[in-house]
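What follows is a pair of complexes built around chain A, which joins chain B in one and chain C in the other.
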Partner chain A sequence: MKIAKVVSLMLCIMLTALPLFSQAAEEKPQEIVFAGWAGEEANSRPIIDEMIDTWNAKDTGYTAKWVGWPWDKTFEQLIIRTEGGEALDVLQVGFSWALAMDEMDGVLELSDVFDKQWLEENFEESALSAGMIDGELKALPWTLASIGTLYNPTILEAAGVTKIPQTTAEFESALAKIKAYDPSLIAYGFCTKGTTLTADFLPWLWTFGGAVFDEAGNVTIDSAEAVKALTWLKSLADKGYIQMDMDRFDLRTIYARKQVAFYHDAIMAEGIAATNGVPENELASTIQPMLLPVLKAGDAPQSSLWGHLLQISRNTADKQQAADFIKHIVGEEMSLKYFAKTGMLPVIKKAMANPMVQNDEWSSKWVEITKYGKMSELNAYAQADELTKIIAEELQAALISSKTPAVAMKDAKTRIEGAIR
Partner chain B sequence: MFDSRPIGFKIFFIVFFVILAIFVFFPLYWMFNTSLKQAADIFDYRFIPRNITLGNFVDVVTNTKVPLFMKNSLIVAGSSCILATFISAYAGYSFSKFKYRGRRLLMLLFLSAQLFPYAILLLTIYQIINFAGLRDSYLSLVLAYITFTLPIGTLTLKNYFDQIPNSIIESGKIDGAGTLRIMHSLIFPISLPGLAVIAIYSFIWAWNDVLYSLTLITSSEKRTLAPGLILTYFGEFQSSWNSMMTAAILVSIPVAVIFILSQKMFIQGLTSGAVKG
Partner chain C sequence: MKTVSGTNRYALKESRIGLLLAVPALIVFSLVVLYPFVNSIIMSFTDRSLLRRGFSWVGIQNYVKIFSDPNFPQVLKNTAVFVLLGTLLPFFGGLIWAILLNQSFRSSGILRGITLVCWIIPSTAIGFIWMWIFHGHYGILNHIFITLGISSQNIVWLGRPDTALYSVVAAKTWQTLPFAMAFILGALQAVNLETIESARIDGAGNLRVFWYVVLPEIQNVLTMLILLMVIGSIQHFDLLWVMTEGGPARATTTLSIEVYNKAFLSFRLGEAASVGTIWTGILMVFGYFYLRRKTD
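Right after this comes the complex of A and B.
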């Protein structure tokens, strides 16, 4: 009895005290919480700080604050906090997360908070389409650029590759020359592990005429075209042009050591190479972007669209302030500073037209690559991360010969159908 | 005794332990090896690095928040280790030596936290911490860590106390000692190895945690080591393995020292307890 009384007393004290703590939390000044990962990355942290500082210098009545996590933990944290009712306002999300955030009713429809005229004046329709979900604007693009193909001009020249390969046949011939020139080089830095394997595979799948889904939403990854694409990639691996057990991070480091002739990366590839040790004066001769080779002349060079989106959390206390904060960070001034500091292409029309962007040779080439950019078909599904893993596992099984390409693609189809059912 | 064994056994024994030692020490050596490399040499698989540099060590100590993360981890892991050990000891003693109604039910309640994956419990703990206004505080982490170490700690110590003869308690009572005095002066000193196991378990749990720390702590000033290191050295476009390995080595030194010193103390405590008995 005595114990029961003590336990009851403790529970009473706790229940009385808890609201006091929460009241104290509610008395904090009004805040706009900008959540994501950019503010945790070494190269973009200073500019995110500046975005927040310049906002706070304005007399809005709201203090902006950054809350961030590592890139690969951000999605998980956004879900936990949204479900937990935490007052987040502006969310930085990846393409594959936007739909999942919407499906859990975690974000607001943006047409309600941004007027149509402002959107039309500042964004191309194609850019806005990146944030459209079921005909509603659920995210605004912050930066958009395709995952491109990069080559080392010095290695190509030394290996006798005189022309940038434009077709798969030319590409394969270039790889053969590079391997003959120096067998220790990774001729083609195709990602062979992790989720980046799927990201590297999709543009080749499209190049060969395949697709993960058809227009009706049926899984078609086991099509003859898809099997052909994988068979071709496997042949490159069998010839030693592709090295197994490599992900994007590994390849970036090895590329900077000038041990990789071709690989795929985002627009910041040049800055990453510099961070990984390529001297400033050797960048141009070490890393250059190119279009992905096509199957036959005249085909459109494929690339997978990549970028960061901004959403407004359903937990926001003031959606209009959140929208104003987004206007602040995607605005011309901040976009250009973000571009200058990180190399991320702006989206807003005025910033895109700015000479700083227009006259930048690297960015201009990337705009050309992005022209053919295609949204990953997996992003149309809330299970995009799971589908990415399934495809990566099956591709890997084929590359290490534990399955034939046909069986791997068939298994991928079965597993994808199960995942989206 | 080893000398009298057949030569075949000796060879097998030595080879087995050499292989075991390689498994244990090679990853540690490779951490050290990587910490001495420059970024460009990370994938240069030489046993002795080509261009040895101590710059990574200087950088971690002077240019990063790693010392701050370490201080935070010591506060959180130290607090949860002390609290979890004390609470487990009292709870374990209660379940072991007292007979009262509802004891089994209470014991099951203690253990129920172990029935759920810790990632699932995070959702509930996060909401409680949020409701209590404790988010972004050391206390939130300490409470969360105790939640996970308490069941194992209580069960382990209950079993430990079960083995201690009740005659020791009776002799204490005959000498006029109260329950607390018996616990503190007789039982706990001879239970130091058990208490040490729980202390080490709860410390390591708190020291290694990423998920709870990332979720319950939002300001970089209060970040603990595991998420702090990830945030410092890994990102969407960065992966600084050499700095990460350097930081991992540096932060493991004080903890290793604490445990080496503590181990000596635990053995002394065990010996003195045995003499008293």
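Right after this comes the complex of A and C.
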């Protein structure tokens, strides 16, 4: 009798709930899910909202929705959710992630959804090459620039640095003057925490003539040049010019408080400084881009190519709608708005030719830096993030004197070889 | 009046209903706990990666790789130091604080409430609070040290291998001390006051009363508490990740951080699962003692 009562009760609950589930399934709207990190950052959130709102105002039958995470969590989230079959459509990815997303078979070939003519009309071949993997278009560029070096002209002037340093010797001399002027300042905001450490190190590695891999793909990070680069950086840390436990987020905040003389960042650094509290009329005297100092006069300044790419997830329900959404956000109107709000350089030809972009002083300076932009060697591997972490850990070990630079670079080589084997 | 056989039939029906009611919970347990646990052990014998589909069986290769990794002994050492200090400091701090709060004085109730706030705040928020306290450039601890003349310059607490792990332990002590305090305070309040009074009449001082009267009565609770705190410390991830991400140069990388790095940075699920299995093995030893103590 009691069993009958329990069973009847369970049946009643199931029968009551069933129509609710089926109704929910029927009424679910068709969505385009745009996933990444841009919509999570204070300076770009308003424009991402606008991109979505303007799309939703069109009668496409699809409602766009933003799903995002902080930058350093985005890659793992994209991988986990793609692997888990979650309905994502358009993905914002970094250079180093595109190959991994492709290798896990998580994204679609874009030549199938964008017609050749549209691609040729709107993108330079060099820009499209950023999204080519094994001869196939797997990502479209959204913004391309380089990681540059920023300096605070007011601090430099106050410290008696009269000329922007162009060589490593001049740079070191400038750091010494800044430290002598005010020991509480961070003379050189080199990232020493997290994986951004590797991003800051690579251009110096190239400056000293080193490389992570040679042309044949052999690991060469333990070369004499690489050890020399690390030894030099360690000497800056030993002299107190570089501070440990600093990531990009910390440095951006402290830079805006005018406590850092030099640091590295992407093109939107000026917008971030403004968001972090630098008044509009003080921006020019607080933040200016410069070329990375070279080892000796006449060498080419180094910089690491940086940008955001867009991919279409294999889980998309309608690849053509996803492609149309990409056309909407990289289109001239949205690209120019994105540029105006965040300083992100557009890649679409018409937007690049627009006077707003052409006459922008900050962007023009950044174009100079981007001329020397070089793709990180790690991006050729799907395990780029793991390799980045390995290098960062070994650099840290050298900077805190747990290992000598030579041992750290040798260990980095062994670990990298193990990771890519 | 029911016959004996009639009573048995009734008991059988009751047990069937009990079983029926337990079935949903058993299904949920199997799906949420048992399946991932068994799957993770199986996965530890594969080269499964999030970056590609399919996998191959690799036998004990992942375990061999982990134990031959020159960095793994440091991971075990970091875990041991973190568990030892991260258990003992809040435990003894909580014990002292509970004894103080057990005295009926004005505002002891308010103090109990305030203490519990540290336990209520989410781990991530605590991580950020302590990260700012220890910050090498604008941290308040450096400001206090310099103002008091203890230090002449800023110390990068979280950026030095000799201070980073202890800084995280300090934050964990602050976070888990209230848990220990609440546990011990509950036990203290159950101690027979008449026995304490008798001991005092016999001339026992505070220390002797605590050692010979109070401690034997709360011993079981303390043992259970230590086991629970050890298990919690071995599992701990949030503070370590938020404050140091396992750095600098792996100086604060514990087993939990190692699993995360292997799974979500290297995307090597097979290797992550093998570290996780070792980790679970260690946890099970303490879990066994905990359950045995609970049964006793």
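Here is the rule we use: the second predicted complex is superposed on the first by the 395 of 421 C-alpha atoms of A that agree within 3 Å, B and C clash if a C-alpha of one lies under 4 Å from a C-alpha of the other, contacts with A are read in each partner's own complex, and residues count from 1 in each chain.
Just so we're on the same page, contacts are C-beta pairs under 8 Å (C-beta built on N, C-alpha and C of every residue); 3 or more make two chains touch, one makes a residue touch a chain.
Quick caveat: nothing in here was measured; it's all calculated off a predicted structure.
In the superposition on chain A, A:A340 makes contact with neither chain B nor chain C. In the superposition on chain A, A:A382 contacts chain C only, with no contact to chain B. Once chain A of one complex is fitted onto chain A of the other, the partner contacts of A:W71 are limited to chain B, with no touch recorded for chain C. In the superposition on chain A, contact of A:E83 is made with both chain B and chain C. With both structures placed on the common chain, the touch criterion links A:W37 to chain B but leaves chain C unconnected.
Look at A:I254: by the touch rule set out above, it reaches both chain B and chain C. Of the two partner chains placed around the shared chain by superposition, chain B is the only one that A:M268 touches, whereas chain C remains out of contact.
Contacts of A:A224 after superposition: neither chain B nor chain C is touched.
When the two complexes are overlaid on their common chain A, residue A:E393 makes contact with chain C while staying clear of chain B. Chain A uses residues 3, 80, 83, 250, 254, 259 to touch chain B in one structure and chain C in the other.
By the touch rule above, chain B contacts chain A in their complex via residues 38-44, 100, 102, 122-123, 126-127, 130-135, 210, 214-215, 218, 227, 230-231, 234-239, 241.
Of all residues in chain A, those touching chain B in their complex are 3, 18, 21-25, 37, 40-43, 67-73, 77, 80-81, 83-86, 249-250, 252-254, 256-257, 259, 266, 268, 271-272, 275-277. Those residues of chain C that touch chain A in the complex are listed here as 13, 16-17, 20-21, 50-53, 135-138, 153, 156-161, 245, 247-251, 261, 264-267. Those residues of chain A whose C-beta lies close enough to touch chain C in the complex are 2-3, 6, 76, 79-80, 83, 100, 103-105, 183, 186, 192-194, 243-246, 250, 254, 259, 382-383, 385-386, 389, 393-394, 396-397, 399-400, 402-403, 419.
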